[in-house]
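In the part that follows, the structures are each spelled out as structure tokens.
Paired with subunit B in one complex and with subunit C in the other, subunit A is shared by the two complexes that follow.
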Partner chain A sequence: MENKVTRNLYMIPYALWIIFFVIAPILLVVYYSFLDIEGNFSLVNYQNFFTSTYLQMTLSSFWYAFLITAISLLVAYPTALFLTRTKHKQLWLLLIIVPSWINLLLKAYAFIGIFGTYGAANNFLEFLGIGSQQILFTDFSFVFVSVYIFIPFMILPIFNALESLNPTLLDAANDLGASKWTTFRRVVFPLTIDGVKSGCQVVFIPALSLFMLTRLIAGNRVITLGTAIEQHFLVTQDWGMGSTIAVFLIIIMFVIISLTGIRKRGA
Partner chain B sequence: MKNLIQAFLAVLVVSIICLIAINRLNASAGYSGTNTLTVYNWGDYIDEEVIDQFEEETGITVIYETFDSNEAMMTKIQQGGTTYDVAVPSEYMIQKMIEEDLLIELDHSKLPNLKNIDERFMDLSFDPGNKFSVPYFWGTVGIVFNTKMLPDMDFKSWEDLWHPELKNDILLVDGAREVIGMGLNSLGYSLNDTNKDHLQEAQDKLNTLTPNIKAIVGDENKLLMANGEAPVALVWSGDASEIMFENEDLDYSVPEEGSNLWFDNMVIPKTAKNIEGAHQFINFMLDAEVAAQNTEYVSYSTPNKEALKYMPEEMVNDERFYPSPELTDKLEVYDNLGKKNLAYYNELFLEFKMYRK
Partner chain C sequence: MSRKSSPFANLFLFIIFFVLYAPIFYLIFYSFNSGGTMSGFEGFTLDWYKELFSDTRLLIIVLNTVVIALLSALISTIIGVFGAIGIREMKRKRNQNSILGLNNVLIVSPDVIIGASFLILFTMAGIQLGFYSVLLSHIAFSIPIVVLMVLPKLMEMSPSLIDAAHDLGASRWNVLTKVILPYITPGIFAGFFMALTYSLDDFAVTFFVTGNGFSTLSVEIYSLARQGISLNINALSALIFLVTVVLVIVYYYISRRAGNQGMGGMRR
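Showing the complex of A and B:
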């Protein structure tokens, strides 16, 4: 009996947190999405969202988020695999995590310097004889910097999944005559798929709503839903339209989470 | 568990010590005195010596705080908390603050130096009769360009931006009114046009500029221009004078078709505690000699016509920052177009940003 009471007591902070910082904001966002710019109740924002501007923006946000996630995964998986085989795992892991402690804005400004006409990247290209290129304010720089920023969040879950893999399974596969590639395809990858899924979630969802990098690194040549939300809240002060876009983002997130959902397996 | 509690206590003790230290430091800096005045201004937008002079003359201690965007400033004033006595918002924000009842009416009898201000800059649409605000600095929107990289161009016309040679060269500022306004101006329309056909025409015209645009950025354009990253940028004159100081190859031009005229004005927000001191401060800043000294430091354009007499001639005669009356007549202040029209401007700007050749 007492056990139940204390358990309920422990739940209070959690419940309060969820109510005030998760449920209430979402309800407010939904409420605002039904207000037009004059503050009247209407569906005009939803009507606006289904115009070519916002649909196109949604598609391009998806495309860039997909690119960022795919490239992150392609880089992160081999890295995580390599990390599990090294001697000083924790040290290497730390070196990957440390850059994520640095403020995003500082990193973005650093890249403006590196990718600039007279920056390190172009100096290197000159040195190779390729000559100076326009790197900053291109799709390439945007995807590159985004991948750089998100990659620790992709590596960590995959690394953890690989770490908890039982090494005797690999021996078993080997003993039964599986080639290295078959072992990876039939044993390692399926057993770490949960790590891959949560890595993809953690990268794809924020990538959909990136906004600062679109200006600093892509010079507003890439427009995502996040950019539009920022503009509606800060410049236009059309909170309704901003909220409507946010509602769609939230719906998209739920869809993605349920699609890539990690099914509970029996213990 | 014991270790955890110890660690927790240690953090708590350190935090409390920090808190006490901050309080002590504030007290020793005179922040807790009774006769203080909190001035809330843009970063690096005043000659600190002028503040010392004011403190000496009046015995009022000035606390100087800075902001970096009108929106951030307004949010802080709205929230209350800090008692800002004088603030320096831009004209469109003043209008908004008047609407939201965030400003205190000025007592003109306490501002005798108001007579020093050029009439051209008084009684403008954003604050009729200057009931709430007094001009601090003003400027234009124009084109800053690198004379070394573009020796043959002078940008006397907006049309010059459409020159095919400028492919992938232009930096625009990330502001709907500035960019759409540029489109309107290049077609000979008013900056405050709300005719949808005209706006559509302006957007179509801007879309044809896309191949020449390198990026649409915020404050970064100053850094990028100073470093020679791009040869041309659409900027506010204040930013232009700042970067021209850093890079001597840069020049500034206000196209002849007309452009925007902007203001940063001094106001007394509702949060003010020392209203008497605030008037004293504003009046002091309007003094001809003080304004001259301040202008030399900040290097923006002063609306104080008496101050011009105390300033170096090459500064006053610089037509780029003190344009001739013919050009000034073509400059327009942004009217408050109302939320609906502003939303429409932003919609067009968003579409323009998404437009790919």
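Showing the complex of A and C:
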């Protein structure tokens, strides 16, 4: 009896948090998605969403997020693999994580300088004899900077998955005559797929909703779902439409989480 | 995975580390440029640092950011720790899982959605946008990470420890302060640090709920960067990098110490 009362006392602030900051915001977003710009109840936002403008935007947003996730994975997997083979691997891993603690905006700002007309990237191209190019405000710069920002978040779960791999399995595969590549394809990769999945999850969802990079680095050339939401909420003040896009983003988010959901096998 | 590293692997890692750190050092390098741009180093100067320290507006923003980060980390750690204790004491596994599901919503939600929905929330509730709305949002998105950091420690704690304390006549308050809290201290510290970095690093949520009068560092850098390059930002980022490195070292030692503690450490 006493146990129950104190437990409830512990839980009061936390329960209030769940009600006001988890459940209420989602309900409010859903509610607003049914309001048109004058605040009347209507389905006009949903009709608008299924026009070609918004569908195209959703598709291109998906495409960029996919590209960013795929490239991050291609770079992060070998990095994680090689990291597990170094001495002092925990220290190296920490050094991989440190840049992710530097403010995102500062990193984006650094790339404005590096990719600028007279920046380091163009100096290097000049040096190679290619001559300077427009790098900032292109798709390339957008994808590059996004991958740069997300890479630590992809490396971490893969590294952890590789670390929990039983090394005797590799010896076993080796003894049974598997080549290095076969061992990787048939043993290492399947056993670390959970790390890959959670890495993809933590990169793909934020990549869909990036908005400040699209402005600073892509110069508004790329419009993601996140950019559109920001635009509707803070520029055109059409909260209804912004909420509608947010509702779809939330749905997409749940689909992705259930697709990449990690079911612990064994214990 | 205890195979020897090949030259190719080392080269690959070298390139990765180079690319990860080059932009940061690029920023810091040009903070000493007297030329005023981020290209063509003309001469060494500390003018940008002087300008930074005489820019009271920017210093106030830095102060705001730190105050918000410390307050939100502190409050969210307190709420999160008690939330985690409450979750642990739940009898049914099903209830635990549904609460944890709700807990994780804000962790997986994109920042834009958190920001937009909080903006609606504050407007509906009539809370004026500014210091308090930013503080409340930072507390809100830091709580779930604290819970996730503390809960595993609580779960690995043997229930017989608490029973033993009760049997020996400890009051509930004593059980909490003398048994539970010391045991989960490493988790609490980890949660506090994560909350701190979440808050310092946040841009998107703050951008939505900040209103006109109040600004944090991220939001300020965003508006400065949209206007182009000014080297005080470089000077500022050099200082932030230093602070980050110090924080990392502190964190590294805390987690190392936590790892060595008999009771609170990793016991399998």
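Methods note: the second predicted complex is superposed on the first by the 247 of 267 C-alpha atoms of A that agree within 3 Å, B and C clash if a C-alpha of one lies under 4 Å from a C-alpha of the other, contacts with A are read in each partner's own complex, and residues count from 1 in each chain.
One rule holds in what follows: a residue touches a chain if its C-beta (ideal position, glycine included) is under 8 Å from a C-beta of that chain, and two chains touch if they have at least 3 such contacts.
Values in this document were obtained by computation on a predicted structure and should not be read as measured data.
J.: One more residue to check, A:I223. First (subunit B), second (subunit C), both or neither?
T.: Once the two structures are laid over each other on A, A:I223 reaches subunit B alone.
J.: By residue count, is subunit A touched more by subunit B or by subunit C?
T.: Between subunit B and subunit C, C touches the greater number of residues in subunit A.
J.: Can A:F137 be said to touch subunit B (first), subunit C (second), both, or neither?
T.: In the superposition, A:F137 contacts subunit B only.
J.: Is A:L125 in contact with subunit B, with subunit C, with both, or with neither (first, second, both, neither)?
T.: Once the two structures are laid over each other on A, A:L125 reaches no partner at all.
J.: Determine, under the contact definition given at the top, whether A:M57 touches first (subunit B), second (subunit C), both, or neither.
T.: first
J.: Check the residue A:I193 against both partner chains and state whether it touches subunit B (first), subunit C (second), both, or neither.
T.: The answer is neither, since A:I193 touches no partner chain.
J.: With the two complexes superposed on chain A, say which partner A:D238 touches: subunit B (first), subunit C (second), both, or neither.
T.: It touches subunit B, and subunit C stays clear.
J.: Where does A:L67 make contact in the superposed view: on subunit B (first), on subunit C (second), on both, or on neither?
T.: A:L67 sits against neither subunit B nor subunit C.
J.: Between subunit B and subunit C, whom does A:G116 touch in the aligned arrangement: first, second, both, or neither?
T.: Both partners, subunit B and subunit C.
J.: By the touch definition above, which subunit A residues appear in both interfaces, subunit B in one complex and subunit C in the other?
T.: Touching subunit B in the first complex and subunit C in the second, residues 112, 116, 118, 215-216, 234 of subunit A appear in both lists.
J.: Residues of subunit A touching subunit C in their complex?
T.: On the subunit A side, the touching residues are 2-3, 6-8, 10-11, 13-14, 17-18, 20-26, 28-29, 32, 75, 78-79, 81-86, 92, 94-96, 98-99, 101-114, 116, 118-120, 123, 148, 151-152, 162-163, 165, 167, 170, 201, 205-206, 208-209, 211-212, 215-216, 225-226, 229-230, 233-234, 239, 242-243, 246, 249-250, 253, 257.
J.: If we count contacts the way the header does, which residues on subunit B are in touch with subunit A in the complex?
T.: Residues in contact with subunit A: 71, 168, 171, 174-176, 214-218, 220, 223-224, 227-229, 339-340, 342-343, 346-347, 350-351, 353-354.
J.: In their shared complex, at which residues does subunit C touch subunit A?
T.: Touch residues, subunit C against subunit A: 1-5, 9-10, 12-13, 16-17, 19-24, 26-27, 30, 37-40, 78-80, 82-83, 85-86, 89-90, 99, 102-103, 105-106, 108-121, 124, 140, 143, 147, 172, 197, 200-201, 203-204, 207-208, 217-218, 221-222, 225-226, 229, 233, 237, 240-241, 244-245, 247-248, 252.
J.: Tell me, which parts of subunit A touch subunit B in their complex?
T.: Listed in rising order, the residues are 37-38, 53, 56-57, 60, 112, 116-118, 134, 136-137, 215-216, 218-221, 223, 228, 231-232, 234-238, 241.
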